[in-house]
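Below is one structure; the comments refer to it alone.
Order of writing sets the chain letters: A, B, C and D. Residues in each chain are counted from 1.
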Amino acid sequence: MAIRTIVWGENVHEQKSKIVAGIYPDGMHQTIADALNAAGGIDAETATLQEKEHGLPESRLAETDVLIWWGHAAHKDVDDEIVARVCRHVWAGMGLIVLHSGHFSKVFKALMGTPCNLTWREAGERERLWVTSRSHPIAAGLPDHFELENEEMYGEPFGIPEPMETVFVSWFQGGEVFRSGATWRRGAGNVFYFRPGHETYPTYHDGNVQKVIANGVRWAHNPAARLTDPEAAPNVPVEKALEPIEARGEKLHADGEEGFR
Amino acid sequence: MAIRTIVWGENVHEQKSKIVAGIYPDGMHQTIADALNAAGGIDAETATLQEKEHGLPESRLAETDVLIWWGHAAHKDVDDEIVARVCRHVWAGMGLIVLHSGHFSKVFKALMGTPCNLTWREAGERERLWVTSRSHPIAAGLPDHFELENEEMYGEPFGIPEPMETVFVSWFQGGEVFRSGATWRRGAGNVFYFRPGHETYPTYHDGNVQKVIANGVRWAHNPAARLTDPEAAPNVPVEKALEPIEARGEKLHADGEEGFR
Amino acid sequence: MAIRTIVWGENVHEQKSKIVAGIYPDGMHQTIADALNAAGGIDAETATLQEKEHGLPESRLAETDVLIWWGHAAHKDVDDEIVARVCRHVWAGMGLIVLHSGHFSKVFKALMGTPCNLTWREAGERERLWVTSRSHPIAAGLPDHFELENEEMYGEPFGIPEPMETVFVSWFQGGEVFRSGATWRRGAGNVFYFRPGHETYPTYHDGNVQKVIANGVRWAHNPAARLTDPEAAPNVPVEKALEPIEARGEKLHADGEEGFR
Amino acid sequence: MAIRTIVWGENVHEQKSKIVAGIYPDGMHQTIADALNAAGGIDAETATLQEKEHGLPESRLAETDVLIWWGHAAHKDVDDEIVARVCRHVWAGMGLIVLHSGHFSKVFKALMGTPCNLTWREAGERERLWVTSRSHPIAAGLPDHFELENEEMYGEPFGIPEPMETVFVSWFQGGEVFRSGATWRRGAGNVFYFRPGHETYPTYHDGNVQKVIANGVRWAHNPAARLTDPEAAPNVPVEKALEPIEARGEKLHADGEEGFR
């Protein structure tokens, strides 16, 4: 069964900037979705900031295996309730791929627990991505490195928690380095950050970049049933303890009472 | 120089429950602070929810090396602005120790990026903590295991990101297990979660528990200068690139402009 | 295509002990292989210590996706050359599952770089395994915990490197705990350690245990092409540098010379 | 009390190469030891391959807090018994810093469990090391990056297990990147790998490099008492179980018998 994927695009610069619109006439999200649909085994649709509930109603996320997130100019316009909803779905098992300037999205920062900051320079310089984790599924079919002739520079220190696995590290022409592919698990959800994708360059038309994102979707997909309540903190009554015990000492809670949150 | 430490206590049950007040007449926070001050090399004070700004004004956090957090019934009453302030100080280098029911505090959840949930039972059962990381500084001076005859049970799965190091795992009389001591780094700040400490038992009077918390303070202390702005994302202008480059391609940002956040 | 799997069994106690032979008339390895073949998508064979090259010639490992290892009494009899061969195949992409007393096998110790020691007791006590990583593929189809009524106890501290992910933690009737399911990556190879399986109990006839091992095979399988030489350290000549550079300074090596090893 | 440190040098090229002897007339090990002794709080001595037991008798390692390892041309000449001895001391709590070409030393490979391979080029090119873990103690007192005008290139993929923390990532003039500072824990011992130090360049005379190594010594030092037997696997008799149990089922071992290894 195909992996049900949503490519979420902020869709702001595509509307405001002739440069961006020229490279991505249907939006970056559509270019990415098209590439995923061509990759095989993935059924990709799009959603944008401007849609009702940003195109991410509860019912739709419940039917989504992997969400891809690209945002830049309008991070602040993303509704906090939708952010919390996305996080809950990740915790419950939905995969998440965060692209490029999405490092500063509310969703990514909330899931990392860190500032996710970096240094940057918009100079169209050369980026070379090196695979640091040999034969990692996210690097399937790639050479040991690949180049993007024009990209924005992102430099270390990258304000993230130590990744579960560092898959790519980038070299920049101007002298910086960056951990440009990294994975984490958050609850039952797999999270992958992938650096490239400044909107004034044709990065998402690049075959290697498309391959990484498709690999990322396959890697992030958790086929387990979505958890109903990933935040539940159930009380286990004394009489249902797996080993027989008797209650002792003083109690704060009445029997069967819910815990504090 | 002594490690400047604040023990933050919610201070609710000490006021409402005769049981808790009987065990901790001056509050759990004071008991913990007293133990730390007796441990050597630590200068511990307290702060509580009821104080102005919860006792955690910017100026005070700036002079604090390690913050210890105990909360339970009133997580929701903690001001979001103070939560953000504490997170910023952790990212900037302040150590943080989260105790027991603090697993559901806004501060801990924000720094972990996960639900931090668990199963629980208030039955005064026996807990036995095993050291899983031999000779870890947080376990200094401890035997390979120690017991608390009466504790609340917390059971797996514990909804945390995979720790940097798992220092303790607990055995419970009723049949559960729990990763009861775990570390993470968040930005420049060291974070340690330590499980024991239900308020109706005399846990914080226990010598081993006191030793772990004092060790935790020493481990969490980062002597580096506090970062001024742990969220900064500085632009590196083309003309200041470390390797000579020329700007190429189209640009979204005017020179010297701030990035989007 | 089915995952090509070898279950390697030491096959000593099955020959020497009537108890073990009674539980596993065809050997533990055959019981495990039968369960894997019944699980779907896995093509499992066996190999034993007594066979030529322990049943693991180069040509056979080259056609093996996942190797499962059970040993206990005869770790010292495993040929060092075969150990090195297995490690190379793991580094090159072969998955490895180490069972129970295999914690002290030469293969596991070589891949971990640690003593892999623990405490133990052979008393047929109850073990309860808790899933600590929700919805992890290795725990697919399992409840949140399961029990083995009679097992050998293994206790912490377990002398392993901090795992990539801790999937199970065990509770023992006699009061100990143990990280009984843990994963690592070594080169291109995925490694999973799973604790249960003392030979005098019918553990490998247990449905949950069989399910974990089959899940483990699927998780450990890396579909990438096996690396030809996972230990290669190629020289990159100056004239083939990706960015134009000129050689400067003094040299130790003549052009094209191999590096020291 | 000063941290008792041994700088182990292979001491081959210093004897054979006029270039190396010219830069390090007393050997690289002596230059490093001198810098450590000047750093404060560290008492550094040297040991070399040519000494009896390579200068690392059991009695001396027992009095050593941190061992620093530089080797290149003669990895194969290091006695396997000494390698095993060093590993045991690391597991028991001795800190270890591996420098540059020591990535291929027997000691480092044994502790990592991986090939530790990389790509390389000896062209005297520029290396720029970026701090990736802000305010990490190993980076204390350093700027956010520093340069070495002439160094050998080491390129990814670096065949190591995912580090506990990645402290530095290097940029190379010729287009490669490398995780040039990384930490692991092995048993009770802290391990730090630091990349720079090709013998034909004056790297160990560089102030930043010296600072990193001194910081590394302080970080790697574990003040806990050295473990007597880091490989022990003690049996816990039924009658000494922490919770009362009765032996059940069949047994392989007689009471009090040692386990298999």
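In this text, a contact is a pair of C-beta atoms (placed from the backbone, for glycine too) under 8 Å apart; a residue touches a chain by one contact, two chains touch by 3 or more.
What you see is a predicted model; the values in this text were computed from it and never measured.
Undergrad: Compare the contact pairs of A-D with each of B-C, A-C or C-D and report the one sharing over half of them by residue number.
TA: Checking each pair in B-C, A-C or C-D, only one repeats A-D, namely B-C.
Undergrad: So which chain is the furthest away from subunit A, centre to centre on CA atoms?
TA: The chain lying farthest from subunit A is D.
Undergrad: Please tell me whether the contact surfaces of subunit C and subunit D are same or different in residue numbering, using the over-half criterion.
TA: same
Undergrad: Which whole number of Å gives the spacing of the CA centres of subunit B and subunit D?
TA: Inter-chain centre distance comes to 31 Å.
Undergrad: How big is the gap, in whole Å, between where the Cα atoms of subunit A centre and where those of subunit B centre?
TA: The separation of the two C-alpha centroids amounts to 27 Å.
Undergrad: Of all residues in subunit B, which are in touch with two or more distinct other chains?
TA: 128, 133-134, 155, 159, 162, 164-165, 173, 175-176, 185, 187, 230, 242-243
Undergrad: Which residues of subunit D touch subunit C once you look at their complex with the stated criterion?
TA: Answer in residue numbers: 13, 17, 19-20, 72-76, 87, 91, 101, 104, 110-115, 117-125, 150, 153, 155, 159, 161-162, 164, 173-176, 184-187, 198-201, 230-238, 241-243, 245-253, 259-261.
Undergrad: How about subunit D: which of its residues touch subunit B in the complex?
TA: Residues in contact with subunit B: 93, 128, 133-137, 140, 145, 147, 164-165, 173, 185, 187-188, 222-225, 227, 230, 242-243.
Undergrad: Considering only the defined contacts, which subunit C positions touch subunit B in the complex?
TA: Listed in rising order, the residues are 128, 130-134, 144, 155-159, 162-166, 169-172, 175-177, 179.
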